[in-house]
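You will see chain A twice below: alongside chain B first, and alongside chain C after that.
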Partner chain A sequence: MKRKISRTTIFVLLLMGAVIMAFPFYYMVITSFKTSTFIFSTPPQLIPNPATFDNYKEVWNMASFSKYFLNSTIIVIPAVLLNVFLSSLTAYGFARFKFPGKELWYTVLLATLSVPGILLIIPQFNMISHFKFFMDNKFTIILTSGIGGIAFNAFFLRGYYESMPVEYEESAEIDGCNAFQTYFYIALPQSLPAIASLIIMSFLGVWDDYFWPSLILRSKDNWTLPIGIMALRDQHSVQWNLIFAGTMISLIPVLIIYFVFQKYFIKTVSEGGLKM
Partner chain B sequence: MTRNKKRALTGILFILPGLISYLLWTIYPILNSFFMSMFKWNINPKIPNQFIGIENYINLFKDEKFYTALINTLKYTVVTVPGQLILGLIIAILLNRKAKGSTFFRLLYYLPVVTSWVVVSVLFQYLFSSRGGMVNYILKDILHFIPKNIKWLSDPSKAMIPIYILGIWKGIGWSMLIFLAGLQGIPKIYYEAAQLDGASSWKQVKHITLPLLRPTMIFQIVMLTIGGFNVFLSVFVMTGGGPRGSTEVLSSYMFKEAFSYFHFGYASAISFVFFIIVFTISQIQRKFLNKDI
Partner chain C sequence: MKKSLVVIFVLLLCVFSFAAKELVLWHSYSTTSGEYKVLTEKVIPDFEKTHPGVKIVETQVSSDEMRKRLVVSTASQDFPDLMRMDIIWVPQFGNIDVLMKLDKEFPAEFNKMKDEFLEGPLSTCKWDGNYYGLPLDTNTRVLLWNKKLFNEAGLSHPPRTMDEFFEDIKLLTKDNDGDGEIDQWGFADSGLGPWNSIPWIYSAGGEILNSDNNTAEGHVNSKQSVAILNEYKELYDEGCISDIVTGSGGIGALEGYAENIYAMVISGPWGHSIIKGQYPDAEINYALMPAGENGSRSVVGGEDIVMFQSTKYKQEAFEFMKYITSYDVQLEFAKVGQMPVLKSIADDPFIRNHDYFGIYMQQLKTAVARSPHPAWNEIEDSIATAWEDTVIGDYDAKDSLDSAAEDIEDILSEY
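Let's look at the complex of A and B:
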């Protein structure tokens, strides 16, 4: 009997916590369906009435979120592919080969993991600003996001490659594959669970990045979703219903990926997190 | 070429693209940042930069705004790290009891972690609006805790509070997940033995769970502290460092100096001191906390 009560107590406690955690999201969703009259009404509406889809239409068309969505997509796909490809090449090199200076390089790589990204932005901006080609160009964000964070990713993947049995790769080489073919056709597919985690991490990093793109992408035609959201918020008369339609547009792809690939998320955090 | 030499060369070819990117986009900027901090740096390449040695650093130590930013950053860390850690631990322990719907709860508690800082900061700014904001409505009209609306984000003595709350709310899920992984590593047999001896749930937590979670906890304290020091977007979005500099943190102050006033040399000096502080603290924590496992 005692056990049963405590189980119910646990459930109730967790449910209360969940309400606190989820309420801000709920309020964001319903605000995105409200008309502007009811944004600050007292008492606040907990179910939008009248509910309207106009905020989404207006943000998508008038506020150019269709364009920002496209820009974000154009940037995120090649950036993530480049990032994951470079990281896995590097990790595979460290995991499977012996070469002079290997552990030294690896130590240098790890040592800079604790360097705050914020420290890098000023000199990086200084570098980029010397080249007119790179300013206000989506390609810059693809490239810089693609080559960023390799140290952490390589560190994350190396352990995975080392834990894979080497026999398949050896037999592939005996069958005449060169080293790159062995990596590409044998090792890479085998490491897919880890790669999937990396894709998700990398996707979130690029999709949500605000500060760096806002420094580079100056013209509205090149803006990404986070820049668009901040621009909506900085308007003279802040229209929260529109803003939250905008944040929902940027959040929906993240949510889909999160719910579909949740087991990879959990694996990434609980394994990748603990190895340091 | 011998087989070994050939393999070494292949290995180098594999890491070369990553290594070059890394040297160009991480190592060079770090060195360049230190270099820039010695100059009165000019963003316009046509005007030569003036070498001033350690003057930026001397000015920094006389700069009151820097100290405010440093203190706010420390306060944020001191409040949010235990906040995330304790709540994350409680939730993880409850979830680990295989409560009903634990997968659902885990998914939900982790949701703020995957949501971007821009989105949640804008959201919290709305929730904490002084007139008609949801937080004031709950505190004043439902719970009657406060007699009148609080100006959360425009009162210098209150403006850090929403930033703390957001920091904790967003980070609980991460802490929970790491703790869950740690908890799953504890062999069930310990608890079974304790139950046979008649130990209460609380005693089991105190004598089995907490001591065995120590490495997980050290890892989290170090990581959360680094994260706390890096607080940026919530401040940037919700208050912009205001009102009257009362919520300025190290990173927001650095950004203001760099991208509002274009004092790149001075901002680099801030970022370097910032890096040294974070690095030192995390080293001390690691040493100190690792001592008596």
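Let's look at the complex of A and C:
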């Protein structure tokens, strides 16, 4: 009986916590369905009445979010693939190969983590702005996001590769695989659970990035979603209903990616990393 | 073989020599605003039609991000050709020698057109004897008073003097539902920075810098400057000024005004569309800033159009600057709520019959430009800190303004 009560208390407390945490998000969702008249009404409306899709329509068509959505997608897919590929390659190299100064290089790589990203923006921009080709070009963002964050990702994956039994790779070598084949066909598939988390992180980083893309992508035709959302802010006023509708649009792929890869992540773990 | 190479070369030459001259224009109009529509659907296409071979590429940069963007641009010397720049930044970027001196580069034309602009806005383009831009739009802040709440309190007209202003703020602060907590405030504003405090300071006879913009001591901490800060603090402590001035939660100033929670707020001309957008039926009543020792004074805001020295197409850029400040274009922008800067336009029937431009135009006549100084951002921070220290932090008004004077003197001594 006593146990039941304490369980109920915990459940109620957790539920309250969840409600408090989710409320701002809920408020964003409902505001995106409100007309501007009801955003600040007192008492606040908790269920939009009248509910309207007009904000979404306006943002999608008038404010060209359809275009920004496409641009974001065009950038994020190759960037994440490149990023994950290069990161795992780096991590695998440090985990499995012996070469002179290996730990020194690894330390140097990790040391770059202590430099705040914002500090690098000016020199990076300075280099890129000298080449007209790279300015206002989505390819630049694919490239820079693709190689960004490798230090942390390699750190994250190296331990995973080191903890994997080396026997599989040895037998692959005996069967005639070269180093790249061993990595690609044997090690990479085994590390998929870790790769899945890496994809989530890398996706979020590229998808949400604002400042760097805003420096490079100048024309509206090349804008990504975060730049589009910022452009809805006026100097003196903010149309929250439009901003939230825009934010909701940019949030959907994040939720999808998160759910898809989280499920995959759990599944791979429960089946055991070796059963591929 | 040789012949075909020559043909290709000539073709390439043709392509390059006929390629449009591209001028990049940075601005901060939100992409859903009326101004953006006018700029992209009317002003730019019309200009390109009358100037064949010139292409204006507009780039929107959110106003919150513009500063960071300019810092990066300055570091890597990568500037647009033209920019709609906040008036307070013009001296700063003029001082580091990245903006074109219009009076040096186009002396004849500039001198001819100079007198067409309102003096206040034109003065914001000037730094160290040179003009670095043309005024593009202007604004100021006036008092918005809630007639319904005034009538309920037995008041029939907005405050005309500072003393009436303080009295009305107290009279209009109430606990309507009787729960022992104030639920109606006499005054609300969005912050405590100079943009907010200048109407109070200058109307009361206070100052920030001297008229030559090189001394703060005795001005920012003058007797009147201290007295008005004390008065503000007293009103705040009595609960008559809403907590939102300190940045803590609460309904926004304009929204609260429309909801009959705040009896008076101070707002720029954009207040009208913000209120009407959310409260189509709200009644808005305007009045001049209440007059104190120094009359009714408010603060000048707005933007200038500037050209960067790095541009390859000076003449074309200047043509565009002239075009965007011309009568017709100014009127077009006025129709979507942007206040014009030409003297002659004040007599246009559209401006004369406008709902609220009249009162703003009148306030502008005595409005104070924030000191045109390259270090304005730092000066601004010092004053904001002094006001916050006193209003929120209970520091003595004289002490915090004395220390602000000291800080600002340090800043000024570097120029």
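To be clear about the criterion, the second predicted complex is superposed on the first by the 246 of 276 C-alpha atoms of A that agree within 3 Å, B and C clash if a C-alpha of one lies under 4 Å from a C-alpha of the other, contacts with A are read in each partner's own complex, and residues count from 1 in each chain.
In the analysis below, contacts are C-beta pairs under 8 Å (C-beta built on N, C-alpha and C of every residue); 3 or more make two chains touch, one makes a residue touch a chain.
Remember, predicted model here, so these are calculated numbers, not experimental data.
Partners chain B and chain C, brought together by superposition on chain A, clash. Of the two partner chains placed around the shared chain by superposition, chain B is the only one that A:Phe94 touches, whereas chain C remains out of contact. In the superposition on chain A, contact of A:Thr31 is made with chain B only, not with chain C.
More residues of chain A lie in touch with B than with the remaining chain of the pair chain B and chain C.
Applying the stated contact rule after C-alpha superposition, one finds that A:Lys220 touches chain C and leaves chain B untouched. Using the contact criterion defined above for the overlaid structures, shared-chain residue A:Ala63 touches chain C, although it does not reach chain B. Legend: residue contacts after superposition of the two complexes on their common chain; A:Leu242 is shown touching chain C, with no touch to chain B.
Legend: residue contacts after superposition of the two complexes on their common chain; A:Glu173 is shown touching neither chain B nor chain C. Superposing the two complexes on chain A places one region of chain B into the space of chain C, and among 151-159, 169-177 or 277-285 that region is 151-159. Residues 39-40, 42, 121-122, 125-126, 129, 211, 215, 230, 233 of chain A are contacted both by chain B in one complex and by chain C in the other. On chain A, the positions that touch chain B within their shared complex are 6-7, 10-11, 13-14, 17-18, 20-22, 24-25, 27-28, 31, 39-44, 86-87, 89-90, 92-94, 96-100, 102, 105, 108-109, 112, 114-127, 129-130, 144, 147-148, 150-151, 154, 179, 183, 204, 207-208, 210-211, 215, 226, 229-230, 233, 240, 243-244, 247, 250-251, 254, 258-259, 262, 265-266, 269-271, 273-274, 276.
The touching residues of chain C, when paired with chain A in their complex, are 24, 28-33, 57, 59-65, 68-69, 72, 75-76, 78, 251-252, 255, 259, 261, 268, 270, 273-274, 277-280.
The touching residues of chain A, when paired with chain C in their complex, are 36-37, 39-40, 42, 58, 62-64, 121-122, 125-126, 129, 211, 214-215, 218-220, 228, 230-237, 239, 242. Chain B meets chain A in the complex at residues 4, 7-15, 17-19, 21-22, 24-30, 32-33, 36, 41, 43, 45, 91, 94-95, 97, 99-102, 105-112, 114-120, 122-127, 129, 131-134, 137, 141, 169, 172-174, 177-178, 180-182, 201, 216, 219, 223, 226, 229-230, 232-233, 236-237, 251, 254-255, 258-259, 264, 267-268, 271-272, 274-275, 278-279, 282.
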